[in-house]
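Paired with subunit B in one complex and with subunit C in the other, subunit A is shared by the two complexes that follow.
Up next is the complex of A and B:
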C-alpha cells in the first residue's frame, strides 16, 4: 500500500522537524540528550604532502599493550537547554588510563569512583594506611562536566587515551 | 590457538606464568558510559550504547637454554635441557624441531625431543615422554616447560652444533601478521614482537674430549729380525693413551695373550723402564697382565706404555 507508506514517511519527517526525540530515535526515549560511546585505535597513513595523517578507526583486533581511544559524543537533540550534564566512563577492568586525547577537554579522574579531580591531586591509600600519589594506572573512572546550560542543538565530544593491559 | 585444554590433561610439568602476559586472549572489553543531566528540575540518568571488543591472541615464544658453553658429547646419550615459554596472552601449542647443524640435510641424524614430565630437571627415559609429532601440548599463557634434546651416541661429527627452533602452531612471521579466527575463544591471533619463533644454538664438543687408547704391536723372531710370528718370536705391544681433556687416577692395564709369556723387565712408560714387582714405581706385572698407574693426567697430554711377550 504505497499511499500509506508515504504518509508514514511524512509523519516521521514532521516529527524530526519538530524536534520530538521520542519519534526521532528510540534510544532517546529517556531524554533529549544522546550519548554515543566508541573505542577506537589510531590509524596512521602517509599523506600526499609527506606528512603522516592520524585518523581514528574502529579496531579489527586489539592485543595487550595496544592504545585505545575512548570517544564519548553527546548531542542535545531536544528543544530546551540542559544543566548539570555529566558524562562519566567507568573504565573496564582490562583498561589502563593514560591521559586526555589531543583536542579534547581534560577529564576529571577518580581512583575510587567517589572523588574526582586532576590526577595530580589524587592519592591512593595502601593497605597499611599510608598514601601515595595516584598514577594513571590507578584511575578507575573518567568524567566530564559540561558548563550549564547546554543549549538545544549543542553537540560535542570528549576523548581519552588508554592501553589494554 | 582456538583450543582450550585443562592443564590437568597435559602430560608435562608446567610452571605458572613467569611473566605478566596481559589480558587473556578472548576476553571481552565491554564499555558503557553513564550520563546525568537536569532537564528543568527533573534529574535524569541514562547509559550510552555498549561497545565490546574481544582481545586478540598475541603469539610469542621464548627458548632459553639451561647451562652455557659447549656441551661434551661422549659415549652415552647427550642431554641438552632447555626451557620453552609461551610468552603471550593465549593458550598455545608450539612445533619444535631439533637438528644437528652439520647434518641438516634430509636423512641426517635428528635428536629426539622429550618433556621433563616429572619436572626434576634430569632426563629419565622411564618418565620423560617423547614429544609426539614434534608439537607441545597446549600451554597456558605465560607457562614454561622444560624439554630435553637427546642426542644419540655417535651422531656428532667434529665442530657440530645443536639447533632447536620453536614456532607457535597458530602462526608465525613478521610482528603484526594477523591470523583471523585462530585465537582463543574465536578471537583473532596476531604475531607478537618475537615473530612467534625462537631458536637456540648449542655448540657441541665432539667425543675427542675423552681419553683414547691406541694399541699397536710389532713382532720380531728369535734372532731379532722382523718376520712372521712363530714360536719364540717376541711381540712388542705399544699402548698409547691420549687425554685431550685430562683424567684423574688414570691406569693403563693390558692382559697378555694366551700362549705368550711376559718378558721380565720389558715394561716401560714413556721410555722409562719399570720394575715388574708391585712396588714404588707405577708399573707391575701380576702374572696375567701389566698395569701402569699414571695418576692425574693433564689435558692435551699422552703417555705410551710398552712391553714384550714371547710366543710359547
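Up next is the complex of A and C:
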C-alpha cells in the first residue's frame, strides 16, 4: 500500500481516538496487538523419575487461600513494530497480589491505579491522614512496560502470583 | 490531550505518595474468605503506539467460580456440668463455629461414650437443641447462650452464616443411681447444604465433589480437625456432684437421778430423771446434709421434762454433751442455728439441724421423768 494512503488511514483512526483516554477503551475490534488473559493454578504431580512436576492448569477447583497465577500473553500479529507497549491488569477485588512469577519480568504495581512503581517505594495513606509502607495486600493494579518496540510477529508473556482471598 | 502528552504521562511512573486509599481496600484473607459461588473475572488492557498513533486493546475475560471450602469447629463451652442424682433437664453446652465460606445448615447427632475416663452411667431422655437465633425485636432467649426450653427447640442448626457461631445444648435427665459418677456424651456436627430458610429439616449433608468444573461450585473439605469429611465432634460429661449422704442416728439413754439416791448411782425408779441422747452423724466427707429433722416419741410411762431439749455439737470421741437449750415451742434461739420443740398432744420431741457437713455430728438431748 502506498505510504500516503496508509497515512490517511492512520490519521482517520487518530481523529476517532483523540477524545478518548488512552488506557480506558479499546480503539477497534481488532488490532495488531493481541493480548490474552488467563488465570491458572499450580498442579503438582509425581513425574516418572520421582521428582514432582508442577504444571499450570485451569482453575476448576479453587478455594479461598489458594494461589492463582495470572498470565498475560501478547502477540504482535501486525506488520508494523509497536512502540510504548504497556500491559495493565487491574486486580479483581477478591484477589490479593503476592509477587512476580518466576521467569517473568517484575511488574510495576500501584495501590491506587494512578501511580506505578516498585512496591517498596509506594505508601498508603489511611483515612486519618497517616501513611505507612504499602504491603502486597494493598496492590490494586499491575503493569508491564516494554521498553523497546515490539517487532512484527514477536510475542511473549508476563505472569504474576496472587492469592484468592 | 495530545498524543505526545499521553506518551509522557504513561512513561512517568516515578514513585510518589498514593493519596487517600482506604486501608480496607485490599485486605489479606481473614476468616473463611471469599464467598462460595463468587465469580472472579479478570480482564487485561494494553496500550501501544503504531506508526505514531496510539491504540489500545482489551483482552478476553478470564473467569472462574470460587468453590465451597468446608470447615467447622465444635468446642465445649466451657466444661463438664455438675449435676445431682435424679436431676432432670441437665444441660451440656457446646459452641459451633461455621468456618465455611458460605451459609450452611448443620446436622447434629450424639453418642453416649463408652467407659471413657470414669464414665459409668448413661443419661436418659437425651435431646439436642440449637440456641434460637434470629433478628427482629430482642425477644428473650434468642441467641443468648442460655438454654431456654420455650425458645430453643430446633434440633439442627439452620442457615448459619460464614464465620458465625451458635451454642448447642444437650439436655438430659440423670438416673436415680447413687453409684453414678460420670456420663460422657459426644456431640457431632455435620456440615449440610444451606440456602433454604425452612426450619422443617436440615439440608442434605455435603459430600465432596467428584467432578471438576470451573463453572460449578465444587465442595472441598478443608476440616481443621484433619479428617476431610465436613464433620467434627466434641465430648462433655455430666459429673455427679450431689448424692445422698451417709446419715446415721445413734440413740442412748442415761439415768440422771432418782428420788432415793439423788445423782449418785441413780436407778431407774419411778420419779427418776432419764436423759435421752441422739447423735446425728454425717459420714460423707465434704458433702453437707441439709434440713435434718430429728424426731423421737417419749417412751410410755414417762413424762417430758419441760425445757430439757438441747442441741449442740459434740467432739469426735462420740461422747454426748449438752448443747444449747431449746424452746419447747419451737421458737428460734438466739445465736443458735438449731431449733427444738415438744408437742404434748403427740408426745413428740423434734429438733431441726439446718446443715451438717461431713465428717461431723450433732447431739440432741431431752429428759423425761419416769412415772
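Just so it is clear, the second predicted complex is superposed on the first by the 136 of 165 C-alpha atoms of A that agree within 3 Å, B and C clash if a C-alpha of one lies under 4 Å from a C-alpha of the other, contacts with A are read in each partner's own complex, and residues count from 1 in each chain.
Here is the rule we go by: contacts are C-beta pairs under 8 Å (C-beta built on N, C-alpha and C of every residue); 3 or more make two chains touch, one makes a residue touch a chain.
Predicted, not measured: the structure shown is a model, and the values here were computed from it.
On the superposed subunit A, the positions of subunit B and subunit C overlap enough to count as a clash. With both structures placed on the common chain, the touch criterion links A:122 to subunit C but leaves subunit B unconnected.
In the superposition on chain A, A:131 makes contact with subunit C only, while subunit B stays out of contact range. When both complexes are overlaid on chain A, the residue A:70 reaches subunit B and subunit C alike. When both complexes are overlaid on chain A, the residue A:54 reaches neither subunit B nor subunit C. In the overlay built on the shared chain, the residue A:114 is in contact with subunit C alone; subunit B does not reach it. Touch criterion met: A:140 reaches subunit C, while subunit B stays clear of it.
Of the two partner chains placed around the shared chain by superposition, subunit B and subunit C are both touched by A:62. By the touch criterion defined above, A:151 lies against neither subunit B nor subunit C after alignment on the C-alpha atoms of chain A. Overlaying the two complexes on chain A leaves one subunit C stretch of 6-14, 222-230, 258-266 or 330-338 clashing with subunit B, which is 222-230. Residues 27, 31-33, 35-39, 59-65, 70, 72, 74, 78, 80, 82-90, 92, 94-95, 150, 164-165 of subunit A are contacted both by subunit B in one complex and by subunit C in the other. Residue ranges on subunit A touching subunit B, taken from their complex, read 27, 30-33, 35-39, 59-65, 68, 70, 72, 74, 78, 80, 82-90, 92, 94-95, 150, 164-165. By the touch criterion given at the top, residues 6, 10, 13-14, 17, 21-28, 31-39, 58-65, 70, 72, 74, 78, 80-92, 94-97, 108, 110-112, 114-118, 121-127, 131, 134, 137-140, 145, 150, 163-165 of subunit A touch subunit C in their complex.
Against subunit A, in their complex, subunit C makes its touches with residues 1, 3, 6-7, 10-11, 13-23, 25-29, 32-34, 38, 40-69, 101, 209, 212-214, 218, 220, 222. The touching residues of subunit B, when paired with subunit A in their complex, are 21-23, 27, 29-40, 43-44, 46, 48-51, 53-58, 88-89, 178, 187-188, 190, 192.
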